[in-house]
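Listed next: structures, encoded as structure tokens.
Both complexes below contain chain A, partnered by chain B and then by chain C.
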Partner chain A sequence: MSSFDAPEWLRHSDSYSPGADADRFISKSIRAFLRVLSGLERRPEPKGRTPQPALFLTADFILLLLISLTQSRGFLFLAATIELVIISAQRPAAIAESLKAGAVAAVFTVVIFLPSAFWGAFSDWGSFLRVPFKVFLCAAAAALVPATLDWPRISLGLSSLHIPDIFILVLDLSVKYIYLLGQLALEMLYALRLRSVGRNSGKTATLGAVAGSLFLKSREASVETYEAMECRGFSGSYHSRRHWRPAAMDFAASAFIIGIIAAYIFFRGRS
Partner chain B sequence: MHIPDNYLSPSTCAVMGAAMLPVWGLAIRHVKQEISKAKLPLLGIGAAFSFLVMMFNVPLPGGTTGHAVGGTLIAVLLGPWSAALAVSVALLIQALLFGDGGILAFGANCFNMAFVLPFVGCYMYKLIAGKAAGSGKGRDYAALALGSYSGINVAALCAAVEFGIQPALFHDAAGQPLYCPYPLPVSIPAMLIPHLLVAGVVEALFTVAIVAFLRRVEPAAGVHAAEIKTKPIFILMAVLIALTPLGLLASGTAWGEWGADEIGAVESGGRALGYVPSGMEHGFDFRALMPDYSVNGLPDAVGYILSAVAGAAILVIVFKLIALAKQDRTGRAPAV
Partner chain C sequence: MIELEDISVSYTGLPALTQISLSIQSGEYLALIGSNGSGKSTLLKLVNGLVFPDSGSWKLDGIEISAARLKDQRFAKSFHKRIGFLFQNSDAQLFCGTVYDEIAFGPRQMGLDDAEVDSRVQDLLALLGIKALEGRAPYHLSGGEKRKVALAAVLALNPDILALDEPMNGLDPRTKRFLREFLLSLRESGKTVICATHDFEYIDGVFEKAAVFSADHRIVRSGPYAGIIADRAFLESQNIV
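This part shows the complex of A and B:
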């Protein structure tokens, strides 16, 4: 067998080393897209461990509203305790998510409010920390919704709260397409990074092209979605008026709503 | 610019939410009229697009990056009413799923980013571009850049005003702020300086880059923001000018009115009554940096209105001069 004669240029190794190029904005964009995609891929609680979505959303909203309204430290500590109990009943991943959201928001608030403390806008640490503490409670409570409910259940909850169908249709479509278009954008960003060997001065301009392609793609997708809707006879209205039997968690959520409002009224005007 | 919960009082949030209700109602009506049923999915997919636009990090001089909001872009691509709906939905998903922006503050965030931003941006674009809108000429792109730049900055100003009225309107009996502690003279420069210097530039760069790409690749993409009338912008400007002394009136009356019904809390709180934060008077004096909007010998409110009228007039003059310069250049030397 005669040996294969490779051409001269193929036989010696290349000494090409690409010049350094900054592409931090691509990495940051990729990270932002990954955060969104992984956020939408969350695994929710199994059914039965959470109350009906509508009750869950109502309870969460009332808790946020009362925490924000109250000026009583007593009520704030009561609400914090109840919230911690609720959080502690979740699975570990949801606990971490909820506490992390609260902690990040609270630390951010402390940093934002520090200059005002040096000015003397607050007379003691207690009143300085009031807002960051409320921010912690609210952010943690708000983060419980995505940590325990998946999107279909959130949109079911919204529809039983009599939010107009057009809103829910738009919301549903958005969430699905954030995922689809997000993946598309991610692929284009990876391609942009892979193809930018060495210095690529046109990279910044390409970012506009990536987003522009995304827009063209989304218009195409909207036409296709409409055709698919028409084919399947879906007019965009939701019929989810199923009868449900209240479960133990639903009674617990109702008791929570009544109890927290009663506590708010009780603590009103007290310090 | 995403306002978290507890930075604004619940009553401010309620007012902003109430202000958004007619906007949403009108938006749905306009969209139903303008957009055929076949384009209904475009709303949801437009919302997905506007959500994703906020994920792009744009490189800035100096090695940093910033992300755009894209409100003006969506308004120019889909029309301002569709943009109002699309950005609202994007904001709702951010608040519900990602914790960006508060749930109670949703109305306020929508007011700033889904109403003020796209409308100001879009009308400003139309106003400056004039007949050049959609032509792809230099004036058209300059109008896009200026439109998106002013859109995001006016939105930031609205957020700053919402923050700034909190300490005057909502404080406990000891005068300590219950929500955002920064008054208008602090919140306005704190919000506006980064937006004027960084975020506005990012927004303008990104908007122009995308529109330029779309015009090159698919000229029929409908990048012209048709059916926009410029008359409402003048009415809006007049209303805004008339409303400028509102902050002044609010801070003037609030202390007396709000102090009275909170006296009960003083007695039980029992601390720091009548405390005057000396740091506030002797700390940073922003009035040295910011011009004092009062005119000698006139009531403050009149001074405010006059400053607002003068400011608006200066803006109109600047834009007209820019338009004139553009006209001259295109008149003498035809487009290259």
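This part shows the complex of A and C:
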């Protein structure tokens, strides 16, 4: 056989009929990676629809803090009303993401609290439901940040809030490599699916090999990033961009922050 | 063999292919030519059942291929057996512990006995000149070696159609010449080859047909490869040379 003489089996089509095999784990893993990647790929909201990231994060944090601290039912219902109005003004996907996060956290809390409720730890159903209700509001408010802001804006917001730049750099690099390694993992799963043409008796070993390759790639990427940073004169400090161009939504967010603090003080000590 | 009709594909709302119609006959060698991001790789992914059209339809031997049809595991497996895909990034395609296992992965799944699997692996190691790599880990190979191992792993399934995504990208001239000669020799095996490429210098005489993608993800010209490559003004207007 000369170096390029194709072997006999390659010159003819195989007569092949695949047997049944349960390998839906590949499709499920692909769907899971696609969800993560599309979340990271989210395009930013059009300008003017959200306030400055720093104000957004501050308003969200203050709302979370006050909901957690309050003992007043009146304030809780006021905060819930305002929060639901804000959520309902978002894109349908962001509304769904935010409410889903809140609902999952609330259900989880109810399940955890149920045994103590049966042992009579709560005087009435109202006090029993208060904690899951607060958890719902907090989780929905927290989920509103990633559902509305893309990562560069969150990073910008953290920078404006004087979070240490080195911390933001680590977060930036983490998000970047979650995305890049996620893409590589997705491609590997695609490759696995394309070559899974029959019965695979070693599914766990195959998935382990995919995970191992990803680990090696991530190690290689971390070394390369470190070397690239050294070559560009990285000395341990990192400065990110900060912009401040006030717009209508910024004034609305500022008014919200002042208003919600005022409402908290007003309702303090009342039921 | 392959019929694409008015296919449009988008990713998160951004168009990747726009109203593509294309017909590929059995045994044909088709080059997909276009600037970066014009949709060549997306077309190859579509043909491999990795992405699905927003509108339009495509058929393989008269059978419409859709997400719903590929949910049928038996159909999906025989479909993937018929079409081999060489990824642009070979790292993504190699996941076994040794080169031997990598090439044997497909034939083992097909239920071939050990002797037959070994025969296929040895044939491909010899054909691609990578016999010395047999026991090595794919991860430690050079770019050209990884590409050859990935090609061997794809060929081990003996697909009827080969989809190659920029197979010569990042390879040294000798490996590019090797791949050119290899593709020419494969023609005798009656395979259909669809190849996205930029390396015109190294694929001269390999392809009989070409389809040219524009920056707005449409096929702006298709026909004999030689005629298209000779039209330098047209290629310049499409940002290809």
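Annotations for the structure displayed:
We take it that the second predicted complex is superposed on the first by the 186 of 271 C-alpha atoms of A that agree within 3 Å, B and C clash if a C-alpha of one lies under 4 Å from a C-alpha of the other, contacts with A are read in each partner's own complex, and residues count from 1 in each chain.
What we mean here is this: contacts are C-beta pairs under 8 Å (C-beta built on N, C-alpha and C of every residue); 3 or more make two chains touch, one makes a residue touch a chain.
What you are looking at is a predicted structure, and each value in this text was computed from that prediction instead of being measured.
In the superposed pair of complexes, A:A209 makes contact with chain B and with chain C alike.
When the two structures are aligned on the shared chain, A:Y16 is found in touch with chain C, with no touch to chain B. In the superposed model, A:P7 lies in contact with chain C only, and not with chain B. When chain A is checked against chain B and against chain C, the one touching more of its residues turns out to be B. Contact with neither chain B nor chain C is seen for A:G157 once the two complexes are overlaid on the shared chain. With both structures placed on the common chain, the touch criterion links A:P53 to neither chain B nor chain C. In the superposition on chain A, A:G182 makes contact with chain B only, not with chain C. When both complexes are overlaid on chain A, the residue A:S38 reaches chain C alone and has no touch with chain B.
When the shared chain is aligned, chain C comes close enough to touch A:L194, but chain B does not.
Counting contacts as defined above, chain A residues 209-210, 213, 216 meet chain B in one complex and chain C in the other.
Listed in rising order, the residues of chain A touching chain B in the complex are 22, 24-25, 28-29, 32-33, 35-36, 39-40, 60-61, 64-65, 67-69, 71, 101, 105, 108-109, 113, 116, 118-124, 127, 130-131, 134-135, 138-139, 142-143, 145-146, 151, 154, 166-167, 169-178, 180-182, 185, 204-205, 207-216, 218-219, 221-223, 225-226, 229, 236, 269-271. Residues 1, 3-7, 9-11, 13-14, 16-21, 23, 38, 41, 43, 184, 187-188, 190-200, 206, 209-210, 213, 216-217 of chain A are the ones that touch chain C when the two sit in their complex. On the side of chain B, the complex with chain A involves touching residues 4-7, 9-10, 13, 28, 37-49, 51-53, 55-59, 63, 65, 67, 77, 85, 89-90, 92-93, 95-99, 102-104, 167, 172, 174, 176-182, 206, 208-210, 212-214, 217-218, 221, 264-265, 268-269, 271-272, 275, 277-280, 283-284.
Residues of chain C touching chain A in their complex: 12-13, 48, 50, 73-74, 77-78, 80-81, 83-85, 87, 89, 91-97, 105-106, 108-111, 119-120, 123-124, 126-127, 129, 139, 153-155, 157-158, 160, 181-182, 185-186, 188-190.
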